[in-house]
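Pasting the structures in now, so scroll down.
Heads up, the next two complexes both have chain A, just with different partners, chain B and then chain C.
Entry: the complex of A and B
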């Protein structure tokens, strides 16, 4: 019989101290500037109470960015995980090239998002004889040529596509890990009972994949809500404000407009928003896991 | 001293805190993970950071200064303008900026002389003798509260960089009035040449055509427009800016730009003009070097003032003091840095830098790049207007200008709504 001995609490003191100095203090002190008009440089700083938050509620640019952020997040969560799941199911079969395919689908994940963004900027070149437009022309679909990043109605979706292209392989790997955990005997006995592929997916694979779904939805939601790199690198929030997200707005407020106080207020709201969404999501998805 | 240190450390931690709140938001998870960049200063050498446009001049002077001053050494780095804005501001906020760093003249951006001087981050250069030679008209770009904080080699002209061969193919000459410009564009277009290359996906490019037009549509009639704006007696939406923006859109409607300007970058537009696929691009003379470098026949590239009206005498030109350098107030090598800036201020060295970046030297009668000849009469007649943002009161107007131009080109807003948005940004406090 094993006896569990709880370690003395003070064992944690060094870690707590380091955490307090490196994470807690700067975060709280930094959050304090959300209530000031600090420019980010110099000492001039006045306490303005909740003015920054009031301004945020009426800031049309931030509200537009919120809309873009939500649209992007929904698109990324649904499509990236949908494709990730299909890819996982595809490479989880007995096909010969499955290892090579896994590698190919996962490869974009290990490339820096900035590199991927610049690469796709070439692909999205609006000239009819370049990138994607040239490819469309070559297969006789010249009529579908677009100004992918320059058309304000299209730019957001072009960025979303790039993110999905890069990150679908990541979802695939997590689903694949989930699929490996589905016992083969369940499938075998279901097959004996005459269940088809769809029925087996619906009643065996899908419920047992619940933990993988939780992780994937969580990660892609947080990733979508905080999307920054690809937007700054591909469109810088443009054309106009068409692809601004909350992250790019807070970046611009701090480093372009020199409004660090206001930017911190945006960051604080975003952080609380992300935490709240994640909390609700994980609550729901976990209950689904136990139900399954 | 100890108190000083603890204060600055606290401020640094707060900055990191702000950044860490931001990082919670901005940094992405494993799949799309982010990263940070840092830099540290090494002892002994003068740390200098500039933007790409400055490289040709700044590097040349640092090299010659080093060769004539034993024991002097420098560590020079460059970055694109928007990256400098982020990295350098963070360093300034943390109190560890490079000894000598890039600063924009006048006011109107978060890295402008007036904004940084106000925060006490720049060393006062007023005691240097070259500062006495700054022409009166340019003092606003160099001085805040009567003290000089920035060195710049001179002024850059803004106009059309054009490909002479493309003009010859269409049998046209540089226009001097708006109507002539339209007919030149028409003829170029008929020859299958894109009349004006516009890479409006690169934000700062969006502003160049309005900057080229408003000296004629606004300042020729109201030379004190900036003062009136500051006093609240004028607005963008009720001024010659309307005419300028309408003309911008007229060029687009007539098909005088390349297709999809909002999806085209500065680099793509540059190569279009350099290769003769496009005939011209509205640009600052400081990038003439980049255009020449992209061309197989650099001598084919020259410049002319971009006409804004049909009255040739009203076609004033935009001429802005080019991006300069300043000394960090917190630098421990202030003496070394000041002596280098004093060296830059000597006529011969000023000319060297000015020539390297195709600008008109701040003072003295040096020869200028022949491509700028057509600008000199307006410059002599005092018909030059500094780049508009240099007198805008906060850092928000210029980015708003970029965004509304992209919206206009994308058909997402109207001239009136766009200019009202700029007015709104202008009225915000600094």
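Entry: the complex of A and C
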């Protein structure tokens, strides 16, 4: 006779309590404050309807930040995963240095983004004889020297490249796990049939990598949309507002200007963006997976 | 796989890429081993003679020793709580087929995509009102809550893939539910516990935003917050800042080298939903 004993309900209680206090209650309260003029001092707040969102629609700093956030996210998703895939394909071969190279490319992932940002501030030193500029001069490309973080039309891409440098190894590792799941026999029989490297990638490897693509795209999208640390550490949103993102704007509105109600309105917009993009991506990428 | 001329060519290309990839590290290390005069004259050259004076000074002025202790304490306690609370809750969710357990599971999943910025300010007030700003406890409760959805998600997926129950025999033998879980189920979860441990530990150790808000100026700052303040204070002293960054990153890099296989496996496997 099979006795079926279900685990008791109180197993879930500690987790639910902490989750409710740290995530659920504050998120609901935050969404509610988005419709008030809360200053953050005391509990005085008046319901102002959608005034914060109206203000947001005319706030050039916030709109610029929205644009920056989307540009950063697209750049990071495309370039980080592109480089990650190339690195994975490169080290998933018979080369002797493959294990050492994996370590090198992955190592920045475990380091704090704050420290990686400061490291890259040295690289982006505007002086012509320091960092990246000095290296460009040394290889005869002195004409390409830039004020990487001080030039408003360049700073956003310099920050994006720092994120890509740090996280490409993360994408690589997830692609590698996908590549290891591709049966070698498939490649062998395709080779016997005369398929070249490109054809084998297109018709065997790429379709079987679909789950790895899903994970990588989802992770880098959420990372890009909520980017904060690298901005604060490298440019603090500047020059001007050239590198402000939704996260830095809502942080400054709350803790610099004391406009907590407005700040949570920006946060609500960010949350809706993240949720909408996540659902769209899950739907699209999962359908690709089943098609493959 | 045969080692052909093409493989050799690929090997050279990949090594060249790795050297380019490491250029920022070269910049950092050469700065750290130079005195201010050398930095002013030839910022990118190799240090000659190398000077190590910056390291001692950086260690003291950034007060990295105590920051490492703060980070270690907060990370270890948070991860232990996450493993305990997460595995227990997931076991209930995975092994109970009621509408309640399904709704709870969905509720936890929502937390994965909910950006923490939405609740950031009400939570800050809550922590402030509870007198927990600037304390270890405040940070530990925060990390336990914020990382729980992901932890529950990983454990639930893993438990569902396990064959049916082993606890019944233990329960019939008179063990309590908690004993049965601790002695029969928990050991079976070791692979996913490793993943949970590594992903949460790296995330918590490197986190910056919340400890900046909660711990700034308290004396209980974690490594990233201490480094942030240190760099902003000595911003023009490149050698000192570079040495501080190296010292602050070294512990986690060493740990990564020692546990490399587990860390890479954790990152690669943890996200297969």
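Please note the rule applied: the second predicted complex is superposed on the first by the 270 of 292 C-alpha atoms of A that agree within 3 Å, B and C clash if a C-alpha of one lies under 4 Å from a C-alpha of the other, contacts with A are read in each partner's own complex, and residues count from 1 in each chain.
Definition applied: a contact is a pair of C-beta atoms (placed from the backbone, for glycine too) under 8 Å apart; a residue touches a chain by one contact, two chains touch by 3 or more.
These figures come from a predicted structure and were not determined experimentally.
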Which of chain B and chain C A:58 touches, first, second, both or neither: neither
Which superposed partner A:94 touches (first chain B, second chain C, both, neither): second
First (chain B), second (chain C), both or neither touched by A:147: first
Partner chain(s) touched by A:240 [first = chain B, second = chain C, both, neither]: first
Partner, of chain C and chain B, that touches more residues belonging to chain A: C
Which superposed partner A:263 touches (first chain B, second chain C, both, neither): both
Chain B versus chain C as contact partner of A:106, first or second or both or neither: second
First (chain B), second (chain C), both or neither touched by A:170: both
Doubly contacted residues of chain A, that is, touched by chain B and again by chain C: 23, 25-31, 33, 40, 109, 113, 125, 127, 170, 219, 222, 226, 228-229, 247, 250-251, 254-255, 260, 263-264, 267-268, 270-271, 274
Chain A contact footprint on chain B (complex, rising order): 10-11, 13-22, 24-32, 34, 82, 85-86, 89-90, 92-93, 110, 115-116, 118-121, 200-201, 203, 259-265, 268, 394-396, 399, 402-404, 406-407, 409-410, 412-413
For the chain A and chain B complex, residues of the former touching the latter: 23, 25-33, 39-44, 109, 113, 121, 124-128, 147-152, 163, 166-167, 170, 219, 222-223, 226-230, 235-242, 246-247, 250-252, 254-258, 260, 263-264, 267-268, 270-271, 274
In the complex with chain A, residue positions of chain C that touch it: 1-3, 7, 10-11, 13-15, 17-18, 21-25, 27-28, 31, 42-44, 81, 84-86, 88-89, 91-93, 95-96, 100-101, 104, 107-108, 111, 113-123, 125-126, 141-142, 144-146, 148-149, 152, 165, 167-168, 171-172, 177, 181, 202, 205-206, 208-209, 213, 223-224, 227-228, 231, 238, 241-242, 245, 248-249, 252-253, 256-257, 260, 263-264, 267-269, 271-273
Interfacial residue positions of chain A with respect to chain C in the complex: 2-9, 11-12, 14-16, 18-19, 21-31, 33, 40, 87, 90-91, 93-97, 101-107, 109-115, 118-120, 122-123, 125, 127, 129-132, 134-135, 138, 165, 170, 173-174, 176-177, 211, 215, 219, 222, 225-226, 228-229, 233, 247, 250-251, 254-255, 260, 263-264, 267-268, 270-271, 274-275, 278
